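Both complexes below contain subunit A, partnered by subunit B and then by subunit C.
Let's turn to the complex of A and B:
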């Protein structure tokens, strides 16, 4: 039973990823925009260079990118190359490949978003748990509504305010970038460099944290309220257990499960969650890459980023489903 | 047989509808504050658009460039010579329009799909589950960037295009909510009763099921509007917005694009950011208030 469920779930994951990749293939082909022609038009606009034989040039490049083949054959080629991990060449930074560009940006994104997501989860869950706990002071309970309102505001806007007030007016922290460009020629493994990166990451991290603490607090508060009336909590109280033990082992332990699911999903979407904030702060992650790809009509990079975000979310959703019985012994697969 | 009970004279008269609504709002401060904020924003947009000649002043070359706030230009002007007071008045309405259109499309499509899947089940339900699962895997911003960057010509984007792109995802939340609600309501006694008394499926859906779901529908409509405004703002921030229209998002896009902060043109950034924060805050508060109305179980534990 267990094995059958595992295989079913994995098959569904593959099916979902395949559907999403197929969508990525057909979406641009519905469009009247021809990326090759677009690129030449762009060159013409920016350099004043006018090819004498534009049509032939476009044809040659269409052959080079395989755009002249029948649609199904293109689709088969595309699938085969995606499976090999080959996402094609970047148009804006030819001859570099899309995979290279993504591999360069990904560690920055993961570093920033992993830390902020975990911090936000911890802070938000703690606030939510305390807000639902009957013995908490009133001001803790009142914190949830303002945080929820804050959570509705895109982190990009909070980022703009932070840049203006903290970085520009008060000059407390750097305005943007990932490290001081004059001091370091490139990433290196040294303490000053790491401290410099941390200083640059404070504001982007703060915008992301402020904008999503409310989400976690609300979720935890909602679950906490439902646990309170449960018999085992009452029983623990009447047994005379210490308050701290009731709080952690009985109340938080039972209320936190949906939060853990949500955390896994949030970890799956870290690749895309910070796109706007990264772009705002000129942080060299996927967000900045996506922005320059959009500006340069670099479709292959746009699709590459789309692909990697899809795979990340699909895999983490599957993992949540598979790991859930380990966290919550009340759930057994195969019996439902 | 004509029996009427004599009215006891001491029974207090039922207060009017307005009084009841006001009394409810006092118990639901989230909803009240949210509605007041929303009324302020709409009032500002409508009155501003009537008083100021927004058709010229909210567009380039209507005023001297980069003027700080002054009696003549209370909110200042931007680099291209737009009067920011006019921009804000028109922008609030345009941004609101994107949200309203996408939210309306979302709620209609979502209700239809959700009912089909929940009430009839079968193939429709399977297709819906597959579709939502696939669409959930693609991060919303990424999907919308893909659509906006490949299907639409960047220089011809209008407010309607933005609403269209935002609509692609705005129906999913409603569809899932409606499906879940219908599944739980379908087996209740009153639905069986209606079936036995010969009501058609459509009658059951509209007369028996819909009234039970109104508060949920209202909350998910507000959610869809919020999602649409957020989505269109993301696209605008990345430069995929309507380049010729002064929506709030485009104003922020231009301010960032022309480094307004580093040039000390603070007013160009501050007003649109505040306006958008107010829009999101009012919708979030209304949404929370409606949630409380729909779902008494989450009613304040404080």
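Let's turn to the complex of A and C:
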């Protein structure tokens, strides 16, 4: 692989991140909601505290967050501070910083979404591969249809059903949260805590898996049907290879290529993929954080989470691009 | 040409019948086909598209997939360890027989090689499936020797299929086909996607390695000219049946079956650049075969009996095989009009 190509690809990645951040910067500004005013209104609603000089207070805080400056100047300031690694303060939860909030929520999201995304990919791809394989039993081939029906149901609806039947009626699993609040004061590294977290994660994970495993199965089956009829799969059988070897090295290995691209994209978007499900289960991840930030138009938290999402997608796309030649030798960059 | 017509045959196919159970009805794609291959013999198999050539090849490899089925027949191969009936083997024994007893060379120029594995790995895969006790080094040596014998460099072992030309890919397929020195090699249109010059070279390579390992060869193809140059005998198939099997020289100078005559007349020739006579009509649908001899609606010499009775295959005094009512009265009167001069034929396709 040529250095030149690598640099080009990295430059493109930086460009993608920059343009996405720029777009993201201006979007929330179209909303008429003023986050500072919103914060005081919220304070007023919850405590009944009404400052006499509300307008002056709002002005003071707008100056503090730099919201009084012209928009373009704010944009320049923001970009400069992002480059310094400073994501600013949360308006709603001042004086906590955006980095702090994200650092708290990110491990939960990555833990839940990374595991479910990988599981979903593995299960869906395996089912799809078997479904398109002519020698599979009929019931395996029939599995895709119900999974696709499930995939048509949004994950939060599945989540609601699961909460109602499994958690509320059958009381098999907790209703929500990431761990039992009374039992532990905070996250700790102990076996009981890990088990407790796992118990809480089952239902959110299940809603996410059931809702998307059908897509993976469908995609893999589509590719599988094409590949299983390819001459090289037939020739492998003419060569007298064992079925296991044909299945893996000649069939799956070729059919899986588009799935891997899709997996990279899915991994990049895990930050945003679970927002509704996290919110539904009161799971303290980035999704819940983003939800509350959007409701309050908390610019800097929205920007911060957006930034992470954008960087994750851009980086994983670049990685897939760079690693793809390992999977498919037909793709080579620069000279051979 | 190491061919011994008198020795016990390497392959004896008897009464092979393959049927596809389609939604539109039963289709007999290969019907009561019998023939034998002498050791080292090269048999060309020709016929129009859809006549059952490839089905015959797949049946011999036991690769007919549902809704197709081998209904009856036997295919007995003579090996060092005695005779085996390919159709009587269980699945696992048949898997072992593929490539080691009977091998199949696909039309490899396009897509027969796995794009994500190196050529060498695909050869090692084949060896591992049959001789797992062999060491990697020995397998690699065997594979590289096979590559050399099809006139490729040893370094091709390390290349991916997309790094090869069409002719090279076809050679790799041939190298794989001979890895385990099978007794019978079936080559299914091995040259049809190659340009004319490469066709000739690839065909010569096939014949060279086939003679080297002493296998018998069935070569399926359309190119009568190419057949004329390298085959010992040619079998002509029509609507699922063999209608004529003759030594190549005799077939071109004195074709017995009217269909063979028509095929040869449709060939372009150096000394006649005018109009070629094509075959009248279309190949029949296997779903609704004409009664009697399937060729009779297109046959210039059809008689009343042809529409009613399927002609019985007969073997002539000089060892030719034909299924046609014109030859029902077996006597020395086997003299249909010679269609072409022999020498003009050998040159025709190169023109």
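Keep this in mind: the second predicted complex is superposed on the first by the 319 of 336 C-alpha atoms of A that agree within 3 Å, B and C clash if a C-alpha of one lies under 4 Å from a C-alpha of the other, contacts with A are read in each partner's own complex, and residues count from 1 in each chain.
Everything below uses one rule, namely that a residue touches a chain if its C-beta (ideal position, glycine included) is under 8 Å from a C-beta of that chain, and two chains touch if they have at least 3 such contacts.
Everything quoted here is computed from the prediction, not taken from an experiment.
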Request  = Put subunit B and subunit C onto subunit A via the superposition and say whether they clash or fit.
outcome  = fit
Ask   = Looking at the overlay, does A:102 come into contact with subunit B only (first), subunit C only (second), both, or neither?
value = neither
Message = On the A-aligned overlay, A:237 touches which partner chain: subunit B = first, subunit C = second, or both, or neither?
response = second
Key: subunit B versus subunit C, judged by how many residues of subunit A each one touches   = B
Query = Touch check for A:327: first (subunit B), second (subunit C), both, or neither?
reply = second
Query = For A:245, is the partner it touches subunit B (first), subunit C (second), both, or none of the two (neither)?
reply = second
Message = Contacts for A:289 in the overlay, against subunit B (first) and subunit C (second): which applies, first, second, both or neither?
response = neither
Task = Applying the touch criterion given at the start, work out whether A:211 contacts subunit B, subunit C, both or neither, answering first, second, both or neither.
result = neither
Task = Go through the superposed model and pick first if A:255 touches only subunit B, second if only subunit C, both, or neither.
result = neither
Request  = Give me, in Å and rounded to a whole number, the least C-alpha distance separating subunit B from subunit C in the superposition.
outcome  = 12
Inquiry  = Using the superposition on chain A as set up above, list the residues of subunit A that contact both subunit B and subunit C.
reply    = 134
Remark   = The answer for subunit C against subunit A in the complex is residues 61, 63, 65, 95-100, 103-104, 106-108, 110-118, 125-126, 128-130, 160, 162-163, 173, 176
Remark   = Per the touch rule above, subunit B residues touching subunit A in the complex are 30, 130, 133-134, 136-139, 141-143, 145-147, 149-151, 153, 226, 230, 233-234, 237-240, 252, 256, 261-262, 266, 269-270, 273, 276-277, 280-281, 283-285, 288, 298, 301-302
Query = Mind pulling up the subunit A residues that touch subunit C in the complex?
reply = 134, 230-232, 234-242, 245, 249-250, 253-254, 327-330, 336
Note = In their shared complex, subunit B is touched by residues of subunit A numbered 12, 16-17, 19-20, 23-24, 27-28, 30-33, 132, 134, 138, 141-142, 145, 148-149, 151-154, 156-157, 160-161, 163-164, 168, 175, 222, 225, 228, 269, 271-273, 275-276, 279-280, 290-291, 294-295, 297, 299, 302-303, 305-306, 309-310, 313-314, 317
